[in-house]
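Here the chain labels run A, B, C and D in written order, and each chain numbers its own residues starting at 1.
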Amino acid sequence: MATLNLVQAINLALIQEMEKDDRVLLMGEDIGLNGGVFRVTEGLQARFGKERVVDTPLAESGIIGTAIGLAMAGLRPIPEIQFEGFLGPAYDQICSHAARMRSRTRGAFTVPLTIRVPVGGGIHAPELHSDSPEAIYAHTPGLKVVMPSSPYDAKGLLISAIRDPDPVIYFEPKRIYRAFREEVPEDEYTLPIGKARTVSEGNELTIVSWGASVVQCMQAIENSGRDIELIDLRTIYPFDIDAVEASVSKTGRCVVVHEAPLTCGFGAEISARIMERCFLHLEAPVQRVAGFDTTMPYYKLELDYLPDAARVGRAIEDCLAY
Amino acid sequence: MATLNLVQAINLALIQEMEKDDRVLLMGEDIGLNGGVFRVTEGLQARFGKERVVDTPLAESGIIGTAIGLAMAGLRPIPEIQFEGFLGPAYDQICSHAARMRSRTRGAFTVPLTIRVPVGGGIHAPELHSDSPEAIYAHTPGLKVVMPSSPYDAKGLLISAIRDPDPVIYFEPKRIYRAFREEVPEDEYTLPIGKARTVSEGNELTIVSWGASVVQCMQAIENSGRDIELIDLRTIYPFDIDAVEASVSKTGRCVVVHEAPLTCGFGAEISARIMERCFLHLEAPVQRVAGFDTTMPYYKLELDYLPDAARVGRAIEDCLAY
Amino acid sequence: MPITTAYKTEIQRVSILDEHGNFDEKLGKDLIPDADLVRLYEAMVTCRVLDEIAFKLQRSGRMGTYPQNMGQEAPSLGASYVLNKDDWIVTCYRENCGLFWRGVPMESILLHWMGDERGNAMPREHFATPIAVPIGTQMLHATGLAWASKYRGEKRISCTFFGDGASSEGDFHEACNFAANLEIPVVFVCQNNFWAISSPGKVNCSAPTLAQRALAYGMPTIQVDGNDLFAVVKVMRDAAAWTREHGKPHFVEAVTYRLGDHTTADDARRYRDQAEVELWKTRDPITRIYDYMKSRKLWDDSKEATTRERAAVNANAAVATAEGIAEPHRQDYFNAMYAELPADLATQLATHNTHSLGQTEEAAHVATEALAKAHASHH
Amino acid sequence: MPITTAYKTEIQRVSILDEHGNFDEKLGKDLIPDADLVRLYEAMVTCRVLDEIAFKLQRSGRMGTYPQNMGQEAPSLGASYVLNKDDWIVTCYRENCGLFWRGVPMESILLHWMGDERGNAMPREHFATPIAVPIGTQMLHATGLAWASKYRGEKRISCTFFGDGASSEGDFHEACNFAANLEIPVVFVCQNNFWAISSPGKVNCSAPTLAQRALAYGMPTIQVDGNDLFAVVKVMRDAAAWTREHGKPHFVEAVTYRLGDHTTADDARRYRDQAEVELWKTRDPITRIYDYMKSRKLWDDSKEATTRERAAVNANAAVATAEGIAEPHRQDYFNAMYAELPADLATQLATHNTHSLGQTEEAAHVATEALAKAHASHH
């Protein structure tokens, strides 16, 4: 068992799936010789050749649109979009085609595609390199949306995504790409898409989060000294509402934490579902700690924008005091 | 005072604003001689000339991107996107530029743009002609999102949108384009963006809706024979949460109705906000009647998909019985 | 040498059988065996007849919006005729004739426009993709499909069709650019019919030709009289062969005209001159072949009558099949979303509700059953 | 005539002062007055010096990612020199030299890369738009800006810059196509530096020239040695004049090279040969003018020393200004969202909270006050 960071865990998953299945190919901007701007695909072109690790033209719609064609022909393309802020040009191909091809053709054509996208803020990057658009894609039927928060999860979820017969957007929280390491099995393993992970158990309050925010939540829980259950959603669609329901039915209180803007963020869906499912158990309204309803500011102020342990801590206190 | 349908009310608002302000120009596919595929811009090219009513190339990103340039130069372009399903190619220009230009430049450049888009299902149209993407844009800070449900509102809200110094997506519910007429004042008037309309007052339950669904809700209320308050949100962002709060604090029960898919639809935000603001007043969980988490089916089944008075009626009963 | 030449090029136009009946023997001889010509003619006639029937179906409320193909039968047919049966054909909505030649049942196309996804459930052996509603997007899929062939070392190419309007979309550019730079064998066929709904050609391309779009990518390109089936066959055969041999893309501009409205929701009299339509009627691809066959004594009135009759019978049979299909079920559109129906969606299906209070115990039970069934059917 | 010529064209390349010191008198004479040449030279040197300082700032943690302009000073500078001061200049991020010539303060550019939006708050009199981070998107704004001039009957044109990589994006195509078909006066300048981060030129354009992208739109186009300030000045002057006169777009490919890494986050040694870099160093636009001025006795070591010194002083002053700016405030990014701060956003600002329980009465009061203030400042 090796001790890997998130970048290495993803790299390993890609190697193993490519070795196992020659329908798998990688495509994107700068992923070849350069190994991607975050070096996630480092060494893969040397290992698998230029036919399987392809540097494409600088055109995101082109990347996804051709990947859809590759997938319709039965391959398993894994396109990389360099930053989540550049999903925009590919939005139409993702939502009008990848998400719809199976239902449009009643299964005659399917799009087994895994779109890898670094996501989120906190790395002092320029504009459009720090956003969190997961709710946009969760609102688009036909897609699956995954966001790991640890190296172990990253590997297992990526392998599941690659093997999934439907299109998956696999968001990689860039803030924790190299933040920590953990033991990651050498062998291949999968983690189910649609199942949350209980990071810590507790009885007083439930926190639901995903991606890099999970780390802030762990910190906040530690700081609080309270008995808090932390659920890492892991996958945004389908999402494990049963796990959330079970936990909130127990604790009666919930805080949801994410980086995306508050309004219509995925926290709204979690909150609405909790109301629907746990109404009689709720002792306080669900609290949402999220990005503000502003554009993510340039990096001088990004830490002011991002939910941190302190803001989560205040929400915990407010919720417990309700 | 003339009796107009929604198409005519919009046409009138366009004429009046174009006469008043020569910075206003229209652009889009087939809007000139052809008057738009729904005839909303009928007669405008003949009246204002080809310089002010411009048939553009078939390219939505180009339409919005050039409109952004026009707006940055101080004009007030009103691009039309032919159907909401074709906003996709323009997503990037809308969200990465129109929504961000003011904050990016700290006000040095602004984008006073009104994007007109027919929206929603129910007209037996082909694929991608029947969707409801309002939540996507409500989740994008920097935009305003408006959706009228009547000719009177359509005129007043459109004039407000055109005069608004920020980018507005003005969704036109195509299902009710010609569904009914009402008295619309000849004079120009504005309706505030961010203020809801109480369609009917009641004490037992609150329904919150917008766009063509409002008509289904009115029907459901009539069918139910109950004392129900109906709030038409009118604008999705900013949204009038104060009006919703006041009503639900009074009734203690709420049903939200929209055509878009349930998960992460704007109903989730309304539900979450109600929980946050009216928790102690709530006698039942907020119920959402929405499109399903599927692609809008082709038209043979579209009425099965769309929330109708019957489904709203069941939600009313369930909610009242809780 | 301060001013030098950086690039120089020239684009050719091919015509074999023109609207006046002139036939170029050198290019045209032996191009299409007579027996094939008769079959191709019948295919065009059938397509035209279906258009007329579809129009009436729409007008009488038996079908939704429908885009007639009238006048544009030759480009896709010629392509379909010369392509291998397992080359991908990636179309828009004015390529019915080519799709039918390929073997796609007429009822599939009808069902699509009748608002039924089963029309798109094409058997994979047709190597045809479904009608693309969002304009200009399908060319990227064609590029991806051909890329897959290259990846696998197969000789299969893609041939994709789109309109002059579609060539304005960014995706068109990206599709050509990917194919050219990554060396992917695609034949890009632009059906330039001079109109995109009500927008005249020059709103979408003010350059002298549409063929020159391809010069941006250093791609071989040619213009062809798209109403001349002979010329289309020659140009498409050469382009497909070149593409297959070199593993690189080729562009073809087929100059043609839609004789009908844009769709049944459109009224072309609002924006175009009847005189223009009348002119193009004289260039009709069908009458051109008819006259040619007559002049060659391959055709006579009785053959014509038989052909028209058979066409009507076939088209009406397709309508009957399309209209005879069972009503679609609610579960069709739920079950089609993913390989496995997510639990939450199963509940929505079982309850036909999106509000939790309506999701009674019983409904939840039904949902669980549905889910279990969906799972089972995939393992 | 079955095979005819549908289109024929040729693209020229212009060079005046080449890397060997050859100067074409016919084209170059009187092109740039000596006094101007000295100022232009100084502008390039200053830009280069700023690049070096910025690099060090980034390395020492005083600035975020920064894209050096090194080697690409001439295209934007030449453009800026010949354009009217109120022609729009719509750039990407390798046009610092032209922006500074236009009057944009160096500290604006530094602030942008220091993660501060105030760097983009350019006074409108510069007629320059902010650095465009999403590649390939700004050309559409240039088209819209020039369209506004046309709409108002002004003679102002747009000049927009973008890279070879950017020319792969769909928006590039749409911008050119809009400008050509709607007759909008834009000069499209592609800085072809042969790399898009690690992607070699042919991944983004495998055609012999980038200039031929314009043929797709029937747009006049020309290639220029982008490291030759004289040639750039000539070509840009002609293109701008043509564009202004005809009210239509013109394309220019400026062949150049980035001598540095893509940005400070990049290490170009991973993907490109040092030999290639060395070759291009011999084609440096700055040394070329230096040698020329020396050969013309316009320049000597002491002038050079003074220039370098002044450049360093100016660049350092800009750094001091940029670093001396007050810390930005939280309210800056809230208040900048809309002309009027929405009530809900005002509460989020006042409480620095997105959860309602933290929005106490007091906080709500503060929010209301903030909102009132925001309103007041706009009326």
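Convention: a contact is a pair of C-beta atoms (placed from the backbone, for glycine too) under 8 Å apart; a residue touches a chain by one contact, two chains touch by 3 or more.
Predicted model only: the values in this text are computed from it and were never measured.
Hopping across touching chains, the smallest step count from chain A to chain C is 1.
One inter-chain figure worth recording: chain A and chain D are separated by 35 Å, centre to centre, where each centre is the mean of the chain's CA atoms. Centroids of chain C and chain D (each the mean of its C-alpha atoms) stand 42 Å apart. Annotation for chain A: residues touching 2 or more other chains are 56-57, 59, 61-62, 85, 88-89, 92, 96, 103-104, 127-128, 141-142, 237, 263, 276, 284-285, 287-288, 292-295, 297. In chain C, the residues touching two or more other chains are 117, 134, 168-171, 174, 177, 181-182, 203-204, 332-333, 336-337, 342, 344-345, 355-357.
In terms of which chains touch, the assembly is arranged so that all chains touch all other chains.
The touching residues of chain A, when paired with chain C in their complex, are 25, 51, 54, 56-57, 59, 61-62, 65-75, 77, 89, 92-93, 96-97, 102-110, 141-142, 144, 164-166, 194, 237-239, 241-242, 273, 276-277.
Against chain B, the residues of chain A that register as touching in their complex are 61, 85, 88-89, 91-92, 95-96, 99-100, 103-104, 127-128, 135-136, 138-142, 237, 260-261, 263-269, 271-272, 275-276, 279, 282, 284-288, 292-295, 297.
Residues 64-65, 112-117, 133-136, 165-166, 168-171, 196-199, 203-204, 265-266, 270-271, 327-328, 330, 332-334, 336-337, 342, 344-345, 348-349, 352-358 of chain C are the ones that touch chain B when the two sit in their complex.
Across the complex, chain B is touched by residues 117-118, 120-124, 129-130, 134, 137, 140-149, 151, 158, 170-171, 174-175, 177-178, 181-182, 332-333, 336-339, 342-345, 355-357 of chain D. Residue ranges of chain B in contact with chain C, taken from their complex: 29-30, 32-35, 37, 55-59, 61-62, 85-86, 88-89, 124-129, 255, 262-263, 284-285, 287-295, 297-302, 304-305, 307, 311, 314-315, 318-319, 322.
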